[in-house]
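Structure first, commentary second.
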Amino acid sequence: MGAVFTVTRNLRFADCDPAGIAFYPRLLEHVNNVVEDWFAGPLDCSFHELHFVRERGVPTVEIQVKFLRPGALGDAIDWRLTVKTLSRASMTLSIIGAHENGKDMLRAEPTLVHSNFTLDPPRAESFPDDLREKIAAFRAAPSASP
Amino acid sequence: MGAVFTVTRNLRFADCDPAGIAFYPRLLEHVNNVVEDWFAGPLDCSFHELHFVRERGVPTVEIQVKFLRPGALGDAIDWRLTVKTLSRASMTLSIIGAHENGKDMLRAEPTLVHSNFTLDPPRAESFPDDLREKIAAFRAAPSASP
Amino acid sequence: MGAVFTVTRNLRFADCDPAGIAFYPRLLEHVNNVVEDWFAGPLDCSFHELHFVRERGVPTVEIQVKFLRPGALGDAIDWRLTVKTLSRASMTLSIIGAHENGKDMLRAEPTLVHSNFTLDPPRAESFPDDLREKIAAFRAAPSASP
Amino acid sequence: MGAVFTVTRNLRFADCDPAGIAFYPRLLEHVNNVVEDWFAGPLDCSFHELHFVRERGVPTVEIQVKFLRPGALGDAIDWRLTVKTLSRASMTLSIIGAHENGKDMLRAEPTLVHSNFTLDPPRAESFPDDLREKIAAFRAAPSASP
């Protein structure tokens, strides 16, 4: 069984729209923030270090999201991140945001590509060993064959 | 053949991140803006009218996005919207943003549900006839069976 | 001496611009978040309660901001909020965001007006007693005459 | 009499908050967009050129804003930009956003400093002659003494 990264964050006034619920592009900012917190925390490589020291990045090249229930101003959302697939230079994450009653607000599956930003244009590049090892610990269920 | 809604918009400073390219949640704001322009234009029902006069809304319940090429500060993006599927109370759109050289920056397929916001919680409700007829004109290719 | 409300928050990827520093409209979102946290915390009236239960709001009618030093991706910012002036239906706050080394990143003075949103258009309305009393505790230095 | 830069933009769903009106940090994004359009238009130096070709920037170091009337979803706002003061490396702008009925929504006075981003930290630097000349044309009224 893999590790699960969790963090809780409130939906804010700045996240909500005239319908009184969280605006979906802002919910995807929350998704991105969860990834950022995971890097700064257990992966031990803050986005500051990743972008400005290592000159790498992890742009999202694909995402699928189901918005199952609305999120309202002030709601505390429990986020859970696991790694669905990990390959040479990319990974697909499972990021679920749930209400306090345990019901899912959204389920997102972003695919991120580790990229070398010293090249123009940036190019995919294998995860370095330190990151790969820490990322692998969050695989939901190790696949039989890579 | 269905109609295609098109609009061109530049990527702005506010859209771009420290990697110098458009931040993906902000690109999804652009996607939402295209829907908003389509409603205010050919559908003849601005979001102001939809939300505050009709007290309805079209929350996005699902979205799939492929980010094929990065967008940079100042890039003019040509957006094309068509309707992929239209059912009683929901529709799946195809929204493609392309660079001036014709190469796609992103392809998004959001599913929107027409919802009655006078109910608590809001509930899906059939599109009214005036909207349905105008939406149907943008179907990429009428399906053989609904 | 009045109370000081403090909270620490990191600058995020979503806050930063192509120059690699926090984008000033996003810094003002942080300023607004500090106010939101102050209401939900010591004022014991979350924005959810304020807007959806009490049907009131505190729109910002004026703001002056000095951006003294840039904020960079990942910087932990220490925020301090005090009340500069408090009158019948409005208050001017002092909100200072400082770097970990103690040097100020920005100093903002927003003026907020307590407004009744059940009226159209919304109208200024005296702070209710419970809020006024809690707000008054944060006055930097009680003025001799109101 | 100086030139006036004008542009009209709608307030969008993404700009509006649960109170149904434009969120003030988003209005300041509009203010920044007006500056961006002025640079790309009459100043003939897009933010892309300024940041990535010239490696300069114009960070806002101070701003004063009066929010005189709320802006609502869909409102068309007429923006007017003039230059209030222009000195060696900085300028204070007057940016007014008005409703279609001519009544002002907001008045902002941001001060921008032309900065050299090839230095770490970036440092103020005189406006180059081409920019200075074009900026000067927008001075509201030349002051008697600098």
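Things worth noting here:
Letters are used for the chains, namely A, B, C and D, taken in the order the chains are written, and counting of residues starts over at 1 for each.
Convention: contacts are C-beta pairs under 8 Å (C-beta built on N, C-alpha and C of every residue); 3 or more make two chains touch, one makes a residue touch a chain.
In this text the structure is predicted, and so the values were computed from the model without any measurement.
Taking A-B and B-C together, the chain pair joined by more C-beta contacts is A-B.
Among the remaining chains, the Cα-based centre furthest from that of chain C is the centre of B.
Computed from the mean C-alpha positions, the centre of chain B lies at a distance of 29 Å from the centre of chain D.
Chain centres here are Cα averages; for chain A and chain B they lie 24 Å apart. Chain B and chain C, compared by their mean Cα positions, are separated by 35 Å.
Among all residues of chain A, those that touch two or more other chains are 13-14, 18, 20, 23, 25, 29, 32, 51-52, 73.
For chain A in complex with chain C, the touching residues are 12-14, 20, 29, 32-33, 36, 40, 46-48, 51-52, 72-74.
Those residues of chain D whose C-beta lies close enough to touch chain A in the complex are 13-14, 16-18, 20, 23, 25, 73.
Listed in rising order, the residues of chain D touching chain C in the complex are 18-19, 21, 23-26, 28-29, 31-32, 51-52, 57, 59-68, 70, 117, 121-122.
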